[in-house]
Amino acid sequence: MIELAAARYGKAGVRLMRVDRSTTPHRVRDLTVAIALEGDFVAAYTGGDNTLLVATDTMKNTAYAFAKQHLDGSIEAYALAMGEHFLAFQQVDRATVNVREHGWRSLSVAGTPSPDAFVRVGEGTRVATVTANADGVVVEAGIEDLIVLKTTRSSFEGFPRDEYTTMPDTDDRMAATKLTAIWTYGSPDVDADASFEAIRSTLLETWADHDSPSIQTSIWIMANAAIARHDEVLEMRLVLPNLHHNLVDLRPFGLENDREIYTPTVEPFGLIEAAVRRGEG
Amino acid sequence: MIELAAARYGKAGVRLMRVDRSTTPHRVRDLTVAIALEGDFVAAYTGGDNTLLVATDTMKNTAYAFAKQHLDGSIEAYALAMGEHFLAFQQVDRATVNVREHGWRSLSVAGTPSPDAFVRVGEGTRVATVTANADGVVVEAGIEDLIVLKTTRSSFEGFPRDEYTTMPDTDDRMAATKLTAIWTYGSPDVDADASFEAIRSTLLETWADHDSPSIQTSIWIMANAAIARHDEVLEMRLVLPNLHHNLVDLRPFGLENDREIYTPTVEPFGLIEAAVRRGEG
Amino acid sequence: MIELAAARYGKAGVRLMRVDRSTTPHRVRDLTVAIALEGDFVAAYTGGDNTLLVATDTMKNTAYAFAKQHLDGSIEAYALAMGEHFLAFQQVDRATVNVREHGWRSLSVAGTPSPDAFVRVGEGTRVATVTANADGVVVEAGIEDLIVLKTTRSSFEGFPRDEYTTMPDTDDRMAATKLTAIWTYGSPDVDADASFEAIRSTLLETWADHDSPSIQTSIWIMANAAIARHDEVLEMRLVLPNLHHNLVDLRPFGLENDREIYTPTVEPFGLIEAAVRRGEG
Amino acid sequence: MIELAAARYGKAGVRLMRVDRSTTPHRVRDLTVAIALEGDFVAAYTGGDNTLLVATDTMKNTAYAFAKQHLDGSIEAYALAMGEHFLAFQQVDRATVNVREHGWRSLSVAGTPSPDAFVRVGEGTRVATVTANADGVVVEAGIEDLIVLKTTRSSFEGFPRDEYTTMPDTDDRMAATKLTAIWTYGSPDVDADASFEAIRSTLLETWADHDSPSIQTSIWIMANAAIARHDEVLEMRLVLPNLHHNLVDLRPFGLENDREIYTPTVEPFGLIEAAVRRGEG
């Protein structure tokens, strides 16, 4: 006997841009949307019966139409509207809507903001995920691909040494990472734009303002600060690849290298992650 | 009160190549390895205490050394050796070792295999993941990024229509996907190389030899065939992005287009996944 | 006085697939097309006058329509038809059409070729470029991203040493590259499919069957073989990144490493290129 | 008779970071360097004679050592030092040094700049290329991958229509591009940092502050402004992919779409380029 153990499906990579021309400068929203449904789809998988199988093309169209009607506010509000829409289908038990927002800033001409010209900014991608099921709605928010660096105040010492250990202790190394932080709000009724900005600032300030004995501890310190300062946050998950910067040996060239010239490396990389939560204590 | 809810860390992107020069042609193994540990690391995260924190650099070195000593056979055997090695650390509760193998084939010169020259092949990347904890060892194997196409025998009809549905039923469409299949063996004592080849063949043959009323059903049919034919497989998870190929409208140019000229698209894409398992029936 | 020094424009990234259903198995052509025009476009650039500015959207449509009408044979023939079409516009002095073909092979079921199922193959991408102007037509063909390896018979010795040289001579190293080879045919009247296969074989056989004292010499030997064996080839340009594979030092772990365990690296890489031609001698 | 027609080789993808700890905040320079040499290398290619063949590993080491000694100022000055160094080899006729600088900005904590924490910024990558040969030195500077958008003031009308033209005229479209601008300085004696900032501002302001009847004209207007305002610029080459944003048809959903909801697309794309120069008029 062979059976379906789990299933989900949806549309991903839905790119859309909304331009609000009623403001000066225009407001540009540039999104990548993914929708996934779980529910009573067994007949579709095992019996070829599409009667209940909402087309992923329909999901795409819904994302476009809802961008027109429900994207005046945060991406969380937009995702909530879509999550509730899809959960209303009788065959749907769980709808997950993931929205990534790519940032643009208004250009200025001779000190005056241009009404209609923009440049794409980096510094990470904002992301929101809404999961809706019969128990209610969970709103997660976060930031992906935020690349940060500490030129000092990072060390790694006292770790265990075995027959495969060659790396010496270091009391001063570069720390660089492409940070992903995802946090869960205690309630969907949150001022998502304000919270995002505040939590992002907390993460960056904490990154800047702590001594790091390990990336593991840095994760704890950052997540702890975010949860402690922002009552709306229940839990935060951080994923920090450790992008190693190795000191170059310049001695063969008769040169000193006192923490000055490094080679950034792409692989291998440490991959450190943790979830930190507000306990019940 | 704020607490650590979950944590894991390790080294990823460890690239290594092993050349066995004792055979003709040489045998080339080209791997990307990732190792992740879970266990008693709370003091490292919350207290800055590295006493038990195995360095990810040590993990990298272990991957190199074990490639010398434990890579005569399958990547599963290599991953098992590493999984057991890391589980033997007292502070480790779970070790996960993921190995991806990039394929090379021997070149021929005038019909004779060259002993020492190779070309990289595509057709997907073989992958193995070993998870070791106190309960024992789980071996997963699979293939990633296997791009396949059906030029006919794929349809999508009878799906529900709502106010956002514009796509018509189609009884003959292109089906294209970049398939990921991951399956779980019932026991680590499996002839992993033989099983991989056999299961890969089953997946490709089944892809070729079925009528698809939906990608969902295709997943079921392929996973079902793999589990039915291969007793060693307990469960299979398939992830199939639906890479849409749209018919080009050639009528403005006075040309017919009877399922002949298509535009392959990258985004948006359907994303269909399921896990199918051998039940207890 | 400020003037236009050079200009070209066109459409790139035109993806199309043609399925010929009259054969068994079906024949699948999977192309990425780029078209670029040069000519009397000064008024468009400097005067905002679009009267002569063929829309890139029109170019895209032309690529689709010509795929229906002119893609029975080689990509070179298809590119030639488009090159001539665009050169026929009075304002066009030069049309360049670049076509990349992505390979698929037919799947088999129980030893019998499936009529309608395919898997994408790697081993490089075939490419053709046609340049048409008043002097006639030049046809270039080639292969991109062909990843090859020599596990021995590659050395690098006797190079000059200065104050910045630290690398020792080596009489046995790995040689790996992602090869690009582009060659020019003496005439557009070439059996492009047969020539491509033959030249590709020559390149792979020569890669396998020579001793390499440097990547520079390998380029010469391969290009030389291709020109010597294939009368239709006037010139060949080869670009070979040197993808370094470094021996891992296993001595700290009490292990020998006699050319067995390597780390493949992505960056930095050598980048070696040359053009070799049939001289007039 | 077969002969070498052209050859160049070097090292690419040399990643390095320099940290100047003598300032507050630290100054971080994050570079990717490529070096290429041309000259008397025929014996290396055709004869396997490495006597004159400067190792690319030596070039990499030189990039590191020169970063220590010659990177106090602009990347142009650093590239110039290396270009002159390599040209001094007797066998070298031309040395080309290309440097890309990845931007970082200092983080602030409670309004005060952190001395040692940074975030990677986007908004394009600064690039400099120095070419040194017996005739002297040419310095090119530029910016790559600068993604900009105009939400209005862009049109495309009056272009020629043929049998393959389906696109209607539009008097108001989105214009989006990932701009590359490379300019040539009249002399190496330029304040490269100041010029870069000023020219970058001119490009962005001009992008914002013009009506675009075509991307072709936008290129002309931007390059013209840069050359007109910046006496040090001899020539500017601009490459602008036209990243199409298509209006979504919302009428099936009973919704208007007055230039509000768009789908950004990746391919196909227009590819528009030109070089504009200060003439002798």
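So that you can tell them apart, the chains are marked A, B, C and D in the order they are listed, and the count of residues begins at 1 in each.
Definition applied: contacts are C-beta pairs under 8 Å (C-beta built on N, C-alpha and C of every residue); 3 or more make two chains touch, one makes a residue touch a chain.
Here the structure is a predicted model, which is why all the values come from computation and not from measurement.
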For subunit C, which other chain has the most distant CA centre?
A
Where subunit B and subunit C touch, do the two copies share over half of their residue numbers, giving same, or under half, giving different?
same
Between subunit B and subunit C, what's the gap in Å when you average each chain's C-alpha atoms?
29
Need the CA-centroid distance for the pair subunit C / subunit D, whole Å please.
24
In subunit B, residues with contacts to at least two other chains
15, 61, 65, 164, 166, 252-253, 266-267
Across the complex, what residues on subunit A touch subunit C?
163-164, 166, 252-254, 266-267
Spell out the part of subunit A that touches subunit B in their complex, as residue ranges.
1-15, 34, 36, 41, 44-58, 60-62, 65, 156-162, 164-167, 213-217, 219-220, 223-224, 227-228, 235, 241-242, 266-281
Would you pull the subunit B residues touching subunit C in the complex into a rising list?
15-21, 26, 28, 30, 61, 64-65, 67-69, 104, 107-110, 114, 116-123, 146-153, 174, 204-205, 207-209, 245, 248, 250, 252-253, 255, 257, 259-265
